[in-house]
Amino acid sequence: MSLSAENVTCLRGDRLVFRDISFDLAGGQALWVRGRNGAGKSTLLRIAARLLRPQAGRFFWNRTDITEDDEPYHGQYHYIGHQEVLKPVLTVAENLSFWAEFHGQGKASLEQAIEGFELGALRDTPAGLLSAGQKKRTNLARLLASPAPLWILDEPLSALDTHFIDLFRARLSEHLKAGGLALYATHQDLGIDGSQELDLDAGGGA
Amino acid sequence: MSLSAENVTCLRGDRLVFRDISFDLAGGQALWVRGRNGAGKSTLLRIAARLLRPQAGRFFWNRTDITEDDEPYHGQYHYIGHQEVLKPVLTVAENLSFWAEFHGQGKASLEQAIEGFELGALRDTPAGLLSAGQKKRTNLARLLASPAPLWILDEPLSALDTHFIDLFRARLSEHLKAGGLALYATHQDLGIDGSQELDLDAGGGA
Amino acid sequence: MKAFFSLIARDLKLAARQGSAVALSLCFFVIVIVLFPLGVGPEMTVLARIAPGVLWVAALLACLLTLDRIFQADYEDGSLDQLVIGPLPLSFLVLAKVIAHWLTSVLPLIIIAPVLALSLNLASDGVIAVTFALLIGSPTLSLIGAVGAALTMGMRRGGVLLSLLVLPLYIPVLIFGVAAVEAAVAMLPMAPHLLLLGGMSLGALVVGPLAAGAALRLALE
Amino acid sequence: MKAFFSLIARDLKLAARQGSAVALSLCFFVIVIVLFPLGVGPEMTVLARIAPGVLWVAALLACLLTLDRIFQADYEDGSLDQLVIGPLPLSFLVLAKVIAHWLTSVLPLIIIAPVLALSLNLASDGVIAVTFALLIGSPTLSLIGAVGAALTMGMRRGGVLLSLLVLPLYIPVLIFGVAAVEAAVAMLPMAPHLLLLGGMSLGALVVGPLAAGAALRLALE
Amino acid sequence: MAIDLHKYANPRRFLAITSAIYPWSLALTVILLAAGLYTGLFVAPPDYQQGETVRIMFVHVPAAWMGLMIYTFMAVASAVGLIWKHPVADLSAKAAAPIGACFTFLSLVTGSLWGEPMWGTWWVWDARLTSMLILLFLYLGYIALWQSFDDPSKASKAAAILALVGVINVPIIKFSVDWWNTLHQPASVATMSGPKIYSSILTPLLIMGLAYTAFFVTLLIIRVRAEILARRLRILQLSELQER
């Protein structure tokens, strides 16, 4: 499996966020997207998740061009953004099990997700009552609730304490070891072996 | 100036979040509230900002009991929570100038806030278009838009890049040097000289 | 298919848990109908005369008010991003949301409509007619509404624009719906009107999800 | 005082920038009144007969629909926390928000009401009466509504509960408001009704902000 | 009444006093209800216009009175609860609401049952009937508000605010018949100038009114006691939690 980008350029409004970004990511590899606040990390990740269209540039999934027709790319990735994607009135387990089912998974992967992020004690807590870090963990647990080869992660560490940062790092390493890919933006070094770096600061930022 | 708490206990729903927390903070001092995710840091800060009532315990501002009658405490503090408190359709300057005016301040302190957090380039950007870190900075700039002796800060660093973390640390040090007080919860050590620590993990957390 | 049904099930569960969607439209419907006699006065003949119109207008408004819920909540908390990049084709996604909307926000009105119609002194033929007409005509309301909701999602002046876009498209339903009831009250055949309403619903079933899906993709970018 | 006016100014600016509040209630009001002749049929006498009721009911509903905006947006983005711990006493805070609500969501209706009243074939005395009655009676709607909005803020079934709580309290305004118009149409003195409406507004001006302030503090804890 | 409640609002004293009153009010309920039903159904003469249906009145009219009275009671109790912070006052307001809602509902149902023979329709939208329906909504809103809060102390304050704001509707309901010409009877018992009907009807009516009141008091005592005990249980549980 592989994801590559060629000369991606993005304008938002009238502002050139970045230009001519390229990267090439193979199975088992991670790409750390770095940059100052406003450098365009979130923008790039949303483009990779096909939630935004770039002005120019091409994307390839397994060497197939998906710039126009993203059929082969569909369902191949998870995107974790700044928003928590939780329904406050549903419990942690209900929130996760919906996403598992929506992606065609059953009970088993739900349990895996709950265990993977140590959410057992919170499983029946309504998501609206969680603390910031607990929400973040629930959101991250979607990664395990249904498998996908590529993880696109926008500031996955924010609000997590040191214990859970380690836990998350372990999950990410497992994913990479199993041949998965990851694209993540953080301000803090995650220290994943052999991860590539993409620094957006060359292009500016405010 | 001083803020002290005596044996504060908090229940949320039927869950005991923490019990018998005490601290004593004098002018120029900061208190770092630590703890795992869910330990009750945000809860304690909201109590200190009088947005929640504790089950038991007393608070003193300048040695006056404010547990029942918080008149002397009113307007003496700023609270920065998880929420960004920005109106997406107003520009950065408009958002800040409202809060300055609401607290009876004029143009001068607005400029100070904008400079203090290097928001000059963004002043006329609608807040809805900002990146995560830019939003956070605008929210933090409220601290300078109107002066208050006590700052209550819940994860002020999240989403900030290293440059702005340093900038924020500088602002906080200046505030403390000028005799201000601060109460902050972060997962990362801010390295403020002579700050006290309050570790909530003794009380539990999930 | 599993994704389709799990989405409907989630929306129903959310509605039951939050209650607001179901109860809001229902409550609104009842309120409009309770307020009318208070405003217009208790004369039976006047009330019976305006009853079909009041019922249909109230149903239209109740539906209009709940439209923005079809996508808005999911849009705001980021769920919609996740739904869109999920396995379900966009028009099925819309269809699932519309079905959930109709079940939670429109069906309850239809169930209570006969009681309210009776209280407005409508003849019993009219009561049956209004129930049938609503049952057959109302899917159009949800389907067309979804297109409007998708087009205006996340927009600043969304609410207004939505009403302006959707309303003209609702007028035919209103007119034939009222005509069906008045025909029934006047002992005339109401089948032609009901057939027309049914035809509109079928048309909307084809066009609505496609158009709304396209609009959704646009709005998210 | 500066805080008070700056809050009103901000809310007005937000309304102008987002547009939705002003236009939504206005649009809704117009839509209800446009739909009626379509639903009820074009007979002039029937329309004139029900015009005062329709106008008042539409105004009530338009107001009811915008109530949740008084506090909800500020509650959701955390602004309300900041407002509450600010320098303004709670009841003044409520008053500022109510004034902004009335100016943006109710006043536009009153301005357009005469035109709509004419279009419903109301006699010209009635047109003047309805405008005055709305002007005098509608502050009650915003003020009482604020109490309901504060009580239900952040609640799961907020929207419905809000209607259920507020509606019974609106009925007197509706009744006297319609009575004033009908008196004017019948060439009877309408001053007593208007005085009553004014009295209610004054009463609400005293009770509303206090009660809503207390409710706000409750809801935030 | 406010003063009395104030004095006896201490839960323990309340429990002691009510356990003394309770048997009496229960007995009174039974006796008055029997007497009222007997005089109403058998002693009172059938109306020359309405025939035997007039007997619905003995259920209908006192129920309507109770609906209005209980809401007023709730408002007073709420005020006491808000101002003097007496827990029992809050609890009595809470406990009274469903009872009041039932009486209001009873008066609506018996009214429509009576309306069918009298006016030829179950329901008309006249001022009295509609305002009674609105009163039912007020009760329902009050009950729903109580249930919308997880925290009882918050709920009691919120509900008290609502009850106090809502009480302005009670006089409007009471006088709606005098202010608008409606189908419904204007008041003839509780008027400024004294009762205007024959004592053969008035007596059973008043007895039924008293019976309903006694019934209300009995039910209220039962419900408030249950509430107090439930709250004690919760306090126990919470303190146990704090111990842990």
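Lettered A, B, C, D and E in written order, each chain numbered from 1.
Quick note on the criterion: a residue touches a chain if its C-beta (ideal position, glycine included) is under 8 Å from a C-beta of that chain, and two chains touch if they have at least 3 such contacts.
Just so it is clear, the structure is predicted and the values come from calculations on it, not from any experiment.
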Fewest touching-chain hops separating subunit B from subunit D: 1
Shared interface partners, meaning chains that touch subunit B and subunit E: D
Greatest separation from subunit E - chain, by CA centre: A
Chain ID, smallest distance between chain and overall C-alpha centroids: D
Distance from subunit E to subunit C - Cα centre to Cα centre, in angstrom: 39
Length of the line joining the C-alpha centres of subunit A and subunit D, rounded to whole Å: 46
Approximate Å spacing (C-alpha centroids) for the pair subunit C, subunit D: 25
Junction residues of subunit E - those touching two or more other chains: 127, 130
For subunit C, residues contacting two or more additional chains: 17-18, 34, 38, 41, 156
Junction residues of subunit B - those touching two or more other chains: 13, 82, 89
In the complex with subunit D, residue positions of subunit E that touch it: 127, 130-131, 134-135, 137-138, 140-141, 144-145, 148, 154, 157-158, 161-162, 164-166, 168-169, 172, 180
Touching residues (chain side subunit C, partner subunit D) in the complex: 17-20, 23-24, 27-28, 31-32, 34-36, 38-41, 46, 49-50, 52-54, 56-57, 60-61, 64-65, 156-160, 163-164, 167, 171, 174-175, 178
Contacting residues of subunit B [partner subunit D, same complex]: 49-53, 74-75, 77, 79, 81-87, 89-90, 94, 98-99, 101-104, 142
Parts of subunit D lying in touch with subunit E, wherever the complex brings them together: 144, 147, 151-152, 155-157, 161, 164-165, 167-169, 171-172, 175, 203, 207, 211, 214-215, 218-219, 221
Subunit B-touching residues of subunit A, taken from the complex the two chains share: 12-13, 35-38, 42, 82, 121-122, 129-134, 136-137, 155, 158-164, 187, 206
